[in-house]
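Next up: the structures, one after another.
What follows is a pair of complexes built around chain A, which joins chain B in one and chain C in the other.
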Partner chain A sequence: MSAALPAFLAAARTQLGEFRREPGTLLMLVTAPFFAVILLSVTEHGGRADLAAYALLAPAVMTSVGMAVMEAGESIFRDRASGVLEAIMTTPAPLAAVLSGRVAAITAVSLLGIGECWLVGALGFGVVVAVAHPLVFALTLAAAAAGIAATGVLLAAVFVVGRNVRSFQNSLTFPLYLLGGAMVPVAFLPWGFEALSRLFFLSWATDLLRDSLSPGPVAAFWPRLGAVLGLSAVLFAAGFWLAHRLVRRVRRTGTAGFA
Partner chain B sequence: MSLTGIDAPAVEVRALVRDFATARGGPPRRALDAFNLTVAPGEVHGLLGPNGAGKTTLCKILSTILLPTSGTARVQGLDVVTDAKRVRPLLGIVFGGERGLYARMTAAQNLRFWAALYGHGRREGRRRAAELLERVGLGPRANEPVETFSRGMKQRLHLARGLVGDPRVLVLDEPTVGMDPVSAHEFRDLVEDLRGEGRTVLLTTHDMAEAEALCDRVSFIDGGRLLRCEDPRVLGELLSRHERVRAAGVPEALAARIADLPGVERVRATGPGAVLVETDRGGAALPVLRTLVEAGVTDVSTAPPTLEEVYLHLIGERGMAVRP
Partner chain C sequence: MIAVLRQTMWSGWTDLRLVYTPTTWAFGWMVRVLCQVVFYSTLGTLLGDPDRTRFLLVGAAVFIAANETMMASASTTWERMSGTLSLLAAAPAGMVAVLAARSWFWIATGTLSSSIALLALAPFFGLRLGFGESAAAVALVFVTALTNYAVGLCCGSLALRFHGLRNVFANIALLTMTAFGGVMVPVAFWPAGLQWFAAAFPAVHGLAAVRLAIGGGSAPAVLAEAGFAFATAAGWLAVAAASLWWFQANARRTGSIDFGD
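Showing the complex of A and B:
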């Protein structure tokens, strides 16, 4: 396992370089402010200034989750097609470490979306959403970023299996937005959805983030943060396990080099 | 070092079988069939075989990209299936062609990435990258994107990549594909250096002259089976025994006379007046040349037989068809 940390860091650096070399990979950061404009126009026009925080948080969270899922998938597809995946399999570094490094870099960059959305609010609408509980906000954001990265690792591992999975990539993000309460708090969802969404770290995280933006007290902060962290850890473990399993599987089928 | 690694063979393959599933329900294709091979530590071993023989499949099993269907493969005494984690740091692989590199990153960035995957920190990675780029002659192009490299330059970078983990065993799958003769010559020097450093090299190639020049032993593989394992001098002998003479402007009567010369196996017409004379005895090319020149034919050249022809002689006529 001694190669895991250097591999993680090198993969993160590689991904940051990728953003510079291929700005197209940052597309979602371009669309996020537009989403913010649309949502904020609705809430402001409807006279619901109290929902401004919702309108700004939604595009920011969607950008982060979307980038992690899409870019992690893309990077795996590129690595398969270029034979890099096969070469990685011959090294002592676990594939999951490489995937984590990439996804960590993607998630870190995707957090820029928050700043963008807040700027849209301030500059475009004169709406400045204050962070009422900065510590809650910061800790929750960090925990959520870890969970989003874990989601990316898990899905990238799934994409190791084969090209057929690729078609799911796009459609997968929307259920994640929904179950994660990105746009609408999961408490507003029909009954079955809420129960299911409570298994997904993001629903806890988005609720906490919204709470941290409103002046009222934040109830049961630590248990809820614990839920974000615990469920994220489960996702991470699942991602590592799956990456390991799937590497073994492509060793058996001989399809690691297929595009 | 583990106890097993000290006096175990560098590579030991026993009854190795690898099947691939074929499209929709067909019988599996057997790429390796009860394959055996032993390579001693420090040996440079050549693996020669026609397209589809199973060479790349063997390289991939040794480098833990593929699992065997049955049989065993060991590297420095460690099983590539049950001990893959301990095999990986010991082994470097170089693929032929252009795969396995980040095209848009520079040569140096690529090598630093791969150094990290062998567990090296940033500083050590930089040091190794610089040293290896120098070693393969890419120093001046170190900071240019790989996609701007020629094929031969990419091949050199592959070599550097294979060495970045400082492997005891280096598996080279057609490492000179795309190299010009000068580079190929430098490559031979590099392999000699590797030998001098006590590393074991398993080298697949279609180039018999390369195999003869570099290898301590050569194995011939076909249809996934080991045909013969030989001293490369046997190869040299085969090469000279089956030397060929190509000539243009040869009248039919002269061609017939040449066909009757001792040691001439056959004379093939390759175009109007053009012939290819195949010999099957050392020195038989000389009287052919003399006869041609004395008859006034000057458009004459000699050439060693191709791998395929040597194969035909080694294994009998199977024809040039790729196996089903």
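Showing the complex of A and C:
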């Protein structure tokens, strides 16, 4: 495992370089303010100033999840197309470390969306969202970022498996936003969907983030944070396991370029 | 010319079969479409306002047609990726007609997925549509997809030049329309300048026509909105054709067509 940390850091650096070289990869950060305008206009037009925080938090969460889903898939696709993936597989560095490094960089950059959306509210609509419970907000955000990165690692590993899976990539965002309660708390979803969404760390994280913005007390903070972390850990474990299995199979069959 | 268009449309059809298999369309794309429309419609539920829920449902569902036809922007550049762009530049038929017609399939799939989303989700969000209203809605969704295709082409002509930003133009155009075009809130919510700006987009008029048709609007009012959709689309189409023609002329003169990346 000694190669894991350098591989993680090198992958993160490569990903940051890719953002600089190809501005198109930052698309989700460009679209975040538009989603903020769209969602905030609905709550403002509905006369529900109390929901402004929901409308500004949602696009930030969507940006982060969207970037993890889209960019994780794209970076693997580019690595495969340029033959880098084959090279990675011949090195002692675990593929999971490389994927984690890339996704960690993507997730870190995607958090800029929070600032963008806050600014849209403040400058565009005169709506200033205050964080009532800063510690709850910070801890939940860190846990949510870990979960989003875990989702990215798992998806990247799935995308390595096959090209066909990639056609689902574009279709994943809105189902994840819906099940993750990005805008509307999952309690508003029909019962079956709510139960399903409770298996997804994001539904716990978005509920907690919304609670951290409102002045009332935050109920059962630690158990809920535990749910975010626990479910994220399961995703990480699944991603690592899949990446490990995949590398073993591809090394045996020699199909990295043709998988 | 007819032969060129026939070939182009056939090539578009084979592209579509590469993009989706029936399985990935049904369980990938359609699931996303339905989730997207439900995502926006439940905003109305959150606000506790049934009228708003129906407004959001219709806006989000009809704009799926705009969403898919904006993909013409990315697919216009597929000729570059498949290496056929330079062949088209050299061919006597020219590339304008080919590039303008090659992405026609998004109009078909956009109409289909948008109509399915609207008609399938309407009962769940308290929107009752009779047969006549449903048929009118589908026809006007087609008008929305058809006319918005011109906007997609315009973005595509830009994407040909700035390949790295090929998804950026289409997304910004789509989100601008979604924000200010009466999709989530009535156009009247915005300042007058933005209302005029929104009126330049065909899909905004297409959506207005759908809203009138299912909301008991008069036939002349519906036809007027549809007319505006076609009129604005003609403007966008002219700009797209000029932009594609200029791209071709410039590419032939400088011989730079394969180095655009």
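Simple rule for what comes next: the second predicted complex is superposed on the first by the 254 of 259 C-alpha atoms of A that agree within 3 Å, B and C clash if a C-alpha of one lies under 4 Å from a C-alpha of the other, contacts with A are read in each partner's own complex, and residues count from 1 in each chain.
Everything that follows uses one rule, which is that contacts are C-beta pairs under 8 Å (C-beta built on N, C-alpha and C of every residue); 3 or more make two chains touch, one makes a residue touch a chain.
Because the structure is predicted, anything quoted here is derived from the model rather than measured.
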item: Partner chain(s) touched by A:15 [first = chain B, second = chain C, both, neither]; value: neither
item: Touching partner for A:37 - first (chain B), second (chain C), both, neither; value: second
item: Touched partner set for A:212, first chain B, second chain C, both or neither; value: neither
item: Touching partner for A:7 - first (chain B), second (chain C), both, neither; value: first
item: Which superposed partner A:173 touches (first chain B, second chain C, both, neither); value: second
item: First, second, both or neither for A:197, with chain B first and chain C second; value: neither
item: Touched partner set for A:75, first chain B, second chain C, both or neither; value: neither
item: Partner chain in contact with A:98 - chain B first, chain C second, else both or neither; value: first
item: Chain B/chain C common contact set on chain A; value: 22
item: Chain B-facing residues of chain A, complex; value: 2-3, 6-7, 9-11, 13-14, 17-18, 21-22, 82-84, 86-93, 98, 248, 251-254, 256-257
item: Contact footprint of chain A on chain B as seen in their complex; value: 20-21, 60, 63-67, 85, 88-89, 91, 93, 95, 99-105, 109, 112-114, 116-122, 125, 161, 165
item: Parts of chain A lying in touch with chain C, wherever the complex brings them together; value: 22-24, 27, 30-31, 34-35, 37-39, 41-43, 45-46, 48, 51, 54, 164, 167-168, 170-175, 177-178, 182-185, 188-189
item: Parts of chain C lying in touch with chain A, wherever the complex brings them together; value: 19-21, 24, 27-29, 31-32, 35-36, 38-39, 42-43, 45-47, 49, 52, 56, 164-168, 171-172, 175-176, 178-179, 183-186, 189
